[in-house]
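Quick one: this structure, given as structure tokens, is what I'll be asking you about.
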Amino acid sequence: MDTPNPIVNKQVKTVVKSPSIWKQTFRRLKKNKLAMISLFFLLFMFLLSFIGPYFSPYILDRTNVANMNQPPSAAHWLGTDNYGRDVLTRLMMAGQISLTIGIAAMVLSVMIGSLLGAISGFYRGVVDMVIMRVADILMSIPGLPLLLILAAILSEWKVPAEYRLYIIMIMLSFVGWPGLARLVRGQILSLKEQPFMQATEVLGLSDRRKILHHLIPNTVPLLLVVATLNVAGSILSESALSFLGLGVVPPTPSWGNMMDAANNFMDFRKRPWLWIPPGTAIFLTVVSINLLGDGLRDALDPKMRR
Amino acid sequence: MNETLLQVKHLQTNFYTENGVVKAVNDVSFAIREGETVCIVGESGCGKSITALSLMQLIPENGKVEGGEINFSGKNLLDLSKKDIRRLRGNEIGMIFQEPMTSLNPVFTIGEQMIEPIQEHLLLSKKDAYKKAMELITMLGIPNAEKIVNLYPHELSGGMLQRIMIAIALSCNPKLIIADEPTTALDVTIQAQILDLLRDIKKEFNTSMLLITHDLGVVAEMADYVVVMYAGKVVEEGPVLELFKNPQHPYTKGLLKAKPVIGERKDRLYTIAGQVPNLVDLHEACYFADRCEHAMDICRMKQPVLTEIAKGQKAACWLYEDGENR
Amino acid sequence: MKQYVLQRFLQMIVILFGTSFIIFFLFAMLPGDYIDSNISLTPQRAQELKALYGLDQPVLQRYFTWLGNALHGDFGYSLKHQEKVLSLLNKYVWNSFFVAIFALVLTWSIALVSGVISAIKQYSWFDGFVTFFVFAAMSFPSFFISLLFIKWFGVDLQILPIGGMIDTGSDSTGLAHLLEVGKHMILPVTILTLLSIGSLTRYFRTGMLEVIRQDYIRTARAKGLKERVVIFKHALKNAILPAITLLAFELPGLFSGAIIMEQIFNWPGVGRIQLESVSFRDYPVLMAFTMFLSCLTIIGNFLADVTYAAVDPRIRLK
Amino acid sequence: LDSSSTKDSSASDKKGNTESSSAKSTEVKEYKATNLEALPNKTKARKDTFIAGISAPGGVFLPYFYENGWDGNATDPMFAPLVNLDPTGKPVGILAEKWDVSSDLLTYTFHLRKGLKFSDGSPLTADDVAFTLTLLHDPAYAGEQDISLTAIKGGKEYKEGKVKSIEGIKVVDKETIEITTEEVNAKSLLILGGQVLSKAYYGKDYQFGKLDYLKELYPKPLGAGPYKFVKYVPGQEIRYVANEHYYAGTPKMKNLIFKVIDTSTSLQLFETGELDYAGFSADDDTVEQLKSLGFANLEVGPVNDYGFIYVNNSRPQFKDKAVRQALVYGLDRQKIVDVKFKGYGTVANVPVSKVSWAYNDEGINKYEFNAKKAKELLDQAGWKVGSDGIREKDGKKFVIRYLTRTADDPIIPIAKENYQDIGIKFEPEIMDFNAIVAKLGTKDYDFAAVSTSQILDPSDPVEEFATGNANNAAGYSNPKVDELIKKGLNTLDIEKRKVIYHDLYKELNDDPPVILIHYRQSAKAISGQIEGLHPDNFTGISASLPNISIKK
Amino acid sequence: MSEALLEVQNLKKYYSASKGMFKKFGDSVKAVDGVSFTIEKGEVFGLVGESGSGKSTIGKTILRLHEKTDGDVMFKGKDVFSLSRKELRQLRVQTQLVFQDPFSSLNPRLRVGDAIGEAMVEHGLVSKREVRERVLEVMDKCGLSPFHIDRYPHEFSGGQRQRIVIARAMALNPEFIVMDEPVAALDVSIQAQIINLFSDLQRENGLSYLFISHDLSVVEHLCTKIAIMYLGNIVELAPKEELFDHPLHPYTKALLSAIPIPDPTAKRERIILTGDIPSPINPPSGCKFRTRCPMATDLCAEKAPDYREAGAGHFVACHYV
């Protein structure tokens, strides 16, 4: 006769370590096919952008007018642009910049925005007033002159092109935080009134912990949406900033300025290989970041666990 | 003899979680006749609320009713279309939820939430619905009904909210009321009042009631028939008098013993040692065996079935099985 | 409440002063002024003109002159348009407003419905389609989408006008005029809607996903309410809370004009005026317009705070 | 950001037509409409209306007072000048029947046509001309016309308020006015013979030093041009109707509309019949597309301007003539032109447009792209290649920072590549127009891309190269050039001036102050049913407006 | 003689009742309207009363979760409302509150183990490494199984959540706990287990409680002193035996008579309370209970009865005792 199974888990003395939130989240994420495909696609994009160019037989900025505006062929898989440069090579190089800007600006602005919003909603009173009024001012200053001035200053200080990129990222997040902060603050305001926040008060948790561990995690779904939308926004606004002398300096390619190069009707009609590749790259990147965001959202939502 | 209003047969509700399948309701059967009050008692976490929610088909997303039948006035609820179910809810079956604070929408006033089913099912005008809502509030012993309807849930005390939930459930004179711990947050005078009210309603409209409660006093006062659950299963059932006088299952016995009684003033309360099993990995055995004072070998190897022991009283325990069944 | 409004009002005034000061100085810091942009002027003439326009005075003095006049309701003349700033803005701002308000209504209603449906049917084909569409619209720059639409509807199908607000030379009035303007508005409104619908849909979708798993939704269902009511009343009102903040952001947007759209569609809106005012350094226009938008931003935010508290009774204003 | 206050390029291109004597402006190609059936229905439906495009009018419809070049275009049909340029750039009389210039070239006498009337029927006399010129001397006048250039006798004193009237302006009789100046200036004729304002209408409330009352009249123009004002729909269109009082008779086309357009969609507007006339920057795509429409008469020809890069001669590295020459040799300008204009542009080597009578490239060094030569010149000039491949001299690297307005400027990739090859680091920087202008003014730049405005007189683009000229953004100084510039303005005889400018061009070619880049072309499309429209490079369509009609 | 741990004097807490924020109506809700009591170390102080009479409000206010309207609260001789931030933080370790509604007082995104353990770590009671062990220990005491530790609140039944909340409060080893209906949602066997735990802690560690409950049998079992509340006031306060054996106030009597008896055959006589149920927004004049009191007279309408000592340690507010 086999020994009867213990029905009740007797107090297990050897304490099983609980899986860390991250591991657990990733485990759940793995079950989401779409999110995983997106993750792999993003990895692929990164590899393509950062390693791909080394395999290209073409030199990035070499112009070759004899070869301009060639449709896709065996030699140029995605054709050439109006300087005869290989579109695929440029696309890959552009990815380096666009991906970096998109993601870095997103991370930065989400961090600033959510923190300031949370602090503002949590403390209310004077802190709230100051932060929100600063946000008001920032929101009411029109971006255009501000950016022009920044451009002027950067050029005055002769900031090299490669550093401007970082400044733009900071700039984009600096201009972007008030909106997010207000959104987060709104959520915090109602979260704060919920009994579980009273409970944290009873437990004597520090404000830091209340904000970082109780309030912000509950705004995660919102943050994820903002973050993913932000990536698309940043990738596109980078090229808009180029026009003001703030973005990447041509001929360095970015997806956004590759699209802009096709901004006349003729290129648009006759040479789709100029704009379809960067457009598709942006689209797929944005979609996969978003699907990944969705997946993360679900993975982090305790009620969605299956 | 009244006809059977609700017949639950072999109900099985599972939750799919990361750690495995939680068998929250595991082959539960019982019946409620018209005008009858059936009480479900049992260990906390044994599946009472989920049983009730399964009847309403309102279980959380990660759960699923995976077997059995729920016959309500001759129709199997599990076969009904969404629309038909909707028509039953609130109208023929009213439900009172266990946690009133989270069960009311924080952004609507009490009044707005109360008149909805009245307008939906009784087709009253907004004004009349408000009037009816205020009547209900007053009936449940909350003063100042005209003001209460304009307040938001967070502005009421726990007991008041619970009574609001009761009022909503009663508002359309349902045939069956499912009440999940309806009086836990009420003081005894109000509780008595509400219980009286429920009894009156029951008498007047021949309403049936499924009452889930921990308060054996309430059970004793209200129930016609009692179902005792443990770990997702029914371990004992019987008419209330029988059950209180003559509990059969060791768990039922333990329950009755554990209750502090006014005037007794013991030093320590009786407890049932041990803990409830994890509903995820259940094995073929009596789930109570580990905590049972009378556990035998067979208890750990095979599940007892619910059998009639005395007249109208059934229990699932090897103590009462005949030798040949073993 | 009264005290709160009063307090916010005072803050608003302080902020407006602050903003006006900052903008004036930022603007003064911009390289080049209105006169400099005209390269064909001789230096003497340029000097004369600067004196005429008062551009040769120190910034602080210019600021206080401007402020003094503004406090009297005099925002001066546009340098470029040689017209009173207020009448100039008044001429163009409504054109922008009408397109914006239509786009707003359209955006919000579509986003609301599609966001909600996406949420309750998470991962359905509808959700997938919406996601795809939303991001496609978001991934292409606005001029690009505009050109595409002009090609399809204006050139190939010839069913919609390519640009402008009225038919060339038309003198229609009354209903005919409204219809005519309406026809010209279709593409701009569509483009604006497309541009902003994406993010909003996403916001609604997340908000909704959060809410539909709450207990009170279960209660609403238990009351036998129609699914439509459960979703669009009980769930939506909770899910919409963050959107109130978003709606407040839209207020200044209604009047600020959409530069690229207006340019491509020749929509006589204020966006172009604003752009001109920056690139020509037409500071009276820029100042007046910015102050106007600042007011709207602040009012919008104030309204958001108040509405927020009104919709969510748990929040109390302090 | 279109911020130059030049006139509408689409409406201002010259048609170098066959009767022109100039042999240089022959590159015009004409394509006649092949299929009038293909005309869009909208066009066919128009019986007495002509529609042309205009970019961004501001609503100030008063010559001399508008602040926006497009408003200038809008006033042209309404306000006729005394003198205008003909399609070859030579002056012709419009309201003035003829004019005399005294032998010392200082006094101009204009003889007005008889019986001139403003569009409201009131007479136009020499008094109105005098009033117009006086108005421009008012100290409160803040428009862009700089009347002081003409140096009318007594003008300065009037402006300073010392005298009540201007001594140099003398109304001889109703039809004759005599203007005395103090300096010879070949450009004075056009300024003095500009558009005429009605004294009765605009001078009614005139007080010295107060011009604000005119603002009221900006939206209500009154002139003596072929068309009169009907209505301005802000940001949409300007409507005109034929002026029955026009001296040359009522124009045949009854209605004229200037429709506000955006260049990005002007092709579509023309294609769908919204416009009867549109001008485009020519490239092979656009020309092909226009030809394929079938219903358009097409003229493709050079434009009256040129593109160049400012070089900051005041910086040490650019002081050396050899270096500047090397920079021209080292830049593949043909490639830039090819990319930008796709077969419809040419490399510029003379600082004037090909359509000008002054154009002459005989004996001009073409500076064909030659990296080897560039390297040699740089080596000679002492710029040696450093370890990183960048040239240096006295420990300073040769780095050029290039300011430009648009990110898609083709000079960026090409110059970067070319200069890299000869050991110069090229750093582009994008800036808004105003900022560039400001930097030019303070000479805080290395290279800056600019295009000239419309060149009415060959002196216009070169004047600034004179030493000490306040607009000498290049910081260029060459005594020989200074002298030739002066000489060019000191005579009114075109033949003499031609010779002077040829010498000047040769000198500027050898010692280049700037890097000339391109001459461009425009494609002017006219709906096939319009007759009599001959857009030219000096007045755009306005000169032929009185003559247009619809083919029956 | 045991020392006073908590002293409450004439505590008042009014909520301003308003609809939304635009329309103000009525006066404030006088949720707690002048309440005084003392809890000594090791004492279990029962608070019983009409639903809505302000019990939870007292519980929250004495721990300074709400600002008071008036009165004094002294914990260990220190005024709770004038504590500095640092002192308040210390108070948070010494005192705990178990909320009436367990579900909403749990952060839905925090696993149960973390919810219980975080405060311990935060206050440096245990190290990060040990915390899990400690959490399991506490959970076990409160009737939770180890496998519950990594689950999220919504995966639990009502009673299980209640136990989580209790465990969370116990984990900090406080000296004083406000228990707001801690056992109402528990089935009797668990209830017994928890109550035994409470009395063990009280006995062994000298833990004191403010025990809010409707279940008089539990109150009788556990409490040493009991206060009966009605509409914002304490109407009667006495040691347990005294109160159950000699109830004085008519409301107390009604309350005791209404206790359901777990015996279906039992016969009983309930005092049925009739009359208008007053509202805390404008309570009746004089004695607040008079509208429902079987023995009310004109005097009761005129004058509010004094809160006085009727016997040794037995306080009551009624004109007719």
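In this document, chain identifiers A, B, C, D and E correspond to the written order of the chains, with residue numbering beginning at 1 in each.
The rule is short, and it goes like this: a residue touches a chain if its C-beta (ideal position, glycine included) is under 8 Å from a C-beta of that chain, and two chains touch if they have at least 3 such contacts.
Since the model is a prediction, treat every value here as computed from it, not as a measurement.
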Note = Label-sorted list of chains bordering both subunit C and subunit D is A
Ask   = What is the chain whose Cα centre is as far as it gets from that of subunit E?
value = D
Ask   = Counting C-beta pairs in contact, does A-D beat A-B or the other way around?
value = A-D
Query = Nearest chain to the global Cα centroid?
reply = C
Remark   = CA centroids of subunit A and subunit E: separation to the nearest Å works out as 49
Remark   = Distance in whole angstrom between the CA centres of subunit A and subunit C is 24
Message = What's the distance between the Cα centroids of subunit D and subunit E, rounded to whole Å?
response = 89
Key: Touching two or more other chains - residue numbers and ranges from subunit E   = 101, 103-104, 145, 147, 150, 154-155
Where subunit C touches two or more other chains at once, by residue number = 30-31, 143, 147, 151, 213, 215, 275, 312-314
Remark   = Residues in subunit D with touches to at least two other chains are numbered 264-265, 268, 432, 435
Note = Within the complex, subunit C is touched by subunit B residues 53, 56, 58, 60-61, 82, 86-91, 95, 97, 99, 102-108, 116-117, 120-121, 152, 154-155, 165, 168, 172
Task = Spell out the residues on subunit C that touch subunit B in their complex, using ranges where they run on.
result = 213-216, 218-227, 229, 234, 237-238, 311-314
Message = List the residues on subunit A that touch subunit B in their complex, please.
response = 4-9, 28, 193, 195, 303-306
Note = The answer for subunit C against subunit A in the complex is residues 11, 14-15, 18-19, 22-23, 26-27, 29-31, 123, 131-132, 135-136, 138-141, 143-144, 147-148, 151, 198-199, 202-203, 205-207, 209-210, 213, 241-242, 244-246, 248-249, 252, 274-275, 278, 286, 290, 293-294, 297-298, 301, 304, 308, 312, 314-315, 318
Key: Touching residues on subunit E, where the partner in the complex is subunit B   = 15, 17, 19, 25-26, 29, 48-53, 56, 100-104, 143, 145, 147, 150-151, 154-160, 162-163, 181, 184-193, 195-196, 199, 214-218, 220-221, 244, 254-255, 258-266, 270, 273, 276-279, 281
